[in-house]
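The first chain written gets the first letter, and so on, giving A, B, C and D; residue counts start at 1 in each chain.
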């Protein structure tokens, strides 16, 4: 896929010193924003979910671009996978009509537009006010491996020595928050399982129906009565051989 | 428990149910009054010394000679005859019941003859009765859902009747 | 009785409200055998009710029977259960011979047993192969048809046709066996013996097959008898009934002197005349597995019968005699006879008014009653079980719709 | 390659990078397309052999080589139907989403030492994440083709793949733990040398977890006996009932692609990737140095080795498909939740304990102790200086780890 995109880029944007890195950044950012808007504007639930997955995928692309492969893969796994499960179990199983569409009245659109614009303005202003972000970073950023992140989660911060502490002593990592988060998730899971359970019937319905057919008098018992004549003939044949 | 004494037991249990018999025929049979068929079958299935717990098949025979020439020579009056073949799984013996019904109810063409349904006795009779209704036009009172089973739902006429006319077209498909 | 279950306090049915969906399985559905339409009322994966719609293959053969003489109607009986046409011909021929009190020669009788049992093997092979298809495995179907082809070749040599034979007819058979036929038939049986173990390994004792069929679609004895089921479906529920032994005198006379055990589970075990794989632990009497297993036993049983028939046939002197004239007059009266067709008891009822053309002809189909019990079995099962249950009943639409 | 184009060919920088990207993408695309073609032909031949028949023999020579091409042309020529009730955009988009997901997982899959699309440090994690995306295309297809049957198929597939990701993830974690890094190249390099170095034979727990991985892989790729989604006997053809022509072929390209991917992953994680059972390169004294033709030859040999193992995996999947019947949806779920997940967890714990007790693996001496510093970018193969700029951080980790 990246190859196809690349050829597309080469043809239409013959900028002088085109830097692929920035091209892809612009592309992924554009896809993310466009799909985000599309999510808001779409009225068919499944299309909304599709655009959501595309925009989250584009942000995952941004992470990969920034060299943070671990976070990129995590984003793909959690957000895109999560939306997938949300879409399937949340949307499809509860959708009444085959194509559930949610119409928004124009009044709501205007209101939402105003609130959105206000929030955007605040974000932009604060983003541009940070001096460090204004000029591009020097050189390509080093691609940190996943291991420091892993070690940090286990309590050993290897990527930066503690300020002022003697060489070699390392700050304690994120073990505590990591444990808190996992316990929290466990509680949430147990709660969800408890809420979703439905009291199941004691005995499955099929076996009940079969059991409710009360057995007649044992077949053997009244077989003795009928077994008079030799080969099967009509019961009315009166002993005729 | 064969032949005559079986019949006497049946007679004793349901007086007046048996209206005719022929024990010397290839398959000996007894004729039952149409309105008593359900009771007789109930007795045969539950209280009879030889339990007839399986209904093999129900057949409707349309005794009616369409062209007048042959009709004159025929010995019987036009009527519909229902034949029930029963089977006892334990005693491994069979029994044939017959019922005679008028071809039309009250001889008004279009009114189907009626007979009580035996679905209450054997649930297997459900489909057999639906087929007899569909092909020979006999109304089974008390049947859970008497619909056509082999012909399409909106088919007119009952094909196995002797005076049945093939429809010229059905939903645009040429009949004859 | 159903309402008693519903308001029983013990069973609390509190479930997130799900609306039921009506789903159509068929009539053009790969797993229904021929043109059968099943309307499933499903709640998610669980099937709450199924309703079979039949009649797509209805040709009203019985109406045509009222315009043809007895022998002219034989080809129509071929097309009822087209997988075992020989048994259908035999049923109709015997019914008319019963009404006419006509005795065929002894050689013809043994030849009829030989052909009927060979046709039973062919029919059960198709039943086994198609059942494998219903459960998703494709290969047993081809192994079954490879063997069935050999039987069809034998039939083609005997009567020229491969599917609708009209070979057994009123008054005997249309032609005697060509020379060398018996040798080829015995060669087929000898090479077929070890292949049966292959089928057992492939399906009967296959863990996934057992998981898909054991304890599924349990048909109790009483329900089977009440619905008039017959053949492997009835014997699969433990009812010891086989028309070749319990049937009418004229039919059981054909099997006089033949040693065979009815393939049914009597006091806890199947007949032990050959060694068969053991019954799996979670298989309940009357479930799909038992119906399938009874058919597999009957294949071996029929092979023994064919061997005995070959010996008796070749021991008889004389010819098989000529079948009756095409327009033979039938004495007035009516006669009903049930024979043990591969799918179950196939009954024929002929009413004659003394002319050559019968007044009324009626065919009682075994699959008709076997299918009637399907809604009872499929209540509360999963969607994937419906083809498993309907497949285990081994129905043929030609026979049901006539 | 980009450096070569920039300095010698004098191309502008952005054109050089484009060409490298295009070459890499087309190479990977050909691996899948070529693989799919070969596998379609192989599936037909293997199915035929299993079913005692010949398979394609006429198209293109005695062995029907061009059968896949013939299928391709037929699919191209077929009209792309769309049911009128369908949701146009989603219906068209679904096959491409499914194919792209299966395709872009190949980026991280190493074929030889540095024959890899993009050497991701989180290779395994990326592949597992992207494998989960493929089901998104299936759900869109099921939902958009507006037919009850495809919706059933899509629901079943979604439930199955989502739930099988859990045990799959657990099985994949074990080789990561043994190798100490998620980078597929490092994992494969750790298993260099004799087959005793393979993680498959590293300890009994990894052996069991390999087979759990195989089950979960077959289930998450939807191949029999777990192919519920397109269970033709129940759901007609599952989610791609309404597809025909080229769109349908994209789904099948995706299926064969992910089948190949999952077997290649198994080869890399458990069977030493390009390190064959017998280390031919080491025996011949060649080393995978960069640049010289010997290194190139070793990498080619490695690639052939990996392709061989992956193809072996795919053939086993085909063999299983044509012999076993299909499982029911609830049985598939129970195997996942009640058997695969607990077993994977137990084996995972077992491997952990084994690591502490016997860091050097079963056969001492032959394999380098796994406890050694594990990070690939710390100490490149053959002692080459780490190519990564963050070398100083590496020393820090080494001190801490000892």
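To be clear about the criterion, a contact is a pair of C-beta atoms (placed from the backbone, for glycine too) under 8 Å apart; a residue touches a chain by one contact, two chains touch by 3 or more.
Only a predicted model underlies this, so the values are computations on that prediction, with no experimental measurement involved.
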Contact distance in steps, from subunit B to subunit D: 2
Chain at maximum distance from subunit D, centres defined as averaged CA atoms: B
Pair of chains with maximal C-beta contact number: A-D
Rounded Å distance, subunit A centre to subunit B centre (Cα mean): 64
Whole-Å separation of chain centres (CA-atom averages), subunit A against subunit C: 52
Centre distance in Å when subunit C and subunit D are each reduced to the mean of their C-alpha atoms: 48
Subunit B and subunit C: spacing of chain centres that average the CA atoms, whole Å: 26
Junction residues of subunit B - those touching two or more other chains: 27, 53, 89, 92, 94, 96
Residues of subunit D engaged with two or more neighbouring chains: none
Residue numbers of subunit A (touch at least two other chains): 216, 219, 232-233
Subunit B to subunit A touching residues, read off their complex: 1-4, 6-7, 21, 23, 27-30, 46, 49-51, 53, 88-96
For the subunit B and subunit C complex, residues of the former touching the latter: 25-27, 53-57, 59, 61-62, 83, 85, 89, 92, 94, 96, 122-124, 126-127, 131, 135, 148-152, 159-160, 162, 164
Subunit C contact footprint on subunit D (complex, rising order): 47, 50-53, 148-149, 152, 224-225, 227-228, 231-236, 322-331
Subunit A partner contacts - residues on subunit D that touch it in the complex: 13-15, 17-18, 21-26, 29, 85, 87, 89-90, 93, 100, 103-104, 107, 120-122, 125-126, 128-130, 132-133, 135-136, 139-140, 143-144, 146, 151, 155, 158-159, 162, 165, 181-182, 375, 377, 388-390, 393, 396-397, 399-400
In the complex with subunit D, residue positions of subunit A that touch it: 1-4, 6-7, 9-10, 17-20, 44, 46-47, 50, 53, 69-70, 72-74, 76-77, 80-81, 84-85, 87-88, 92-93, 98-99, 142-148, 151, 156, 158-159, 161, 168, 170
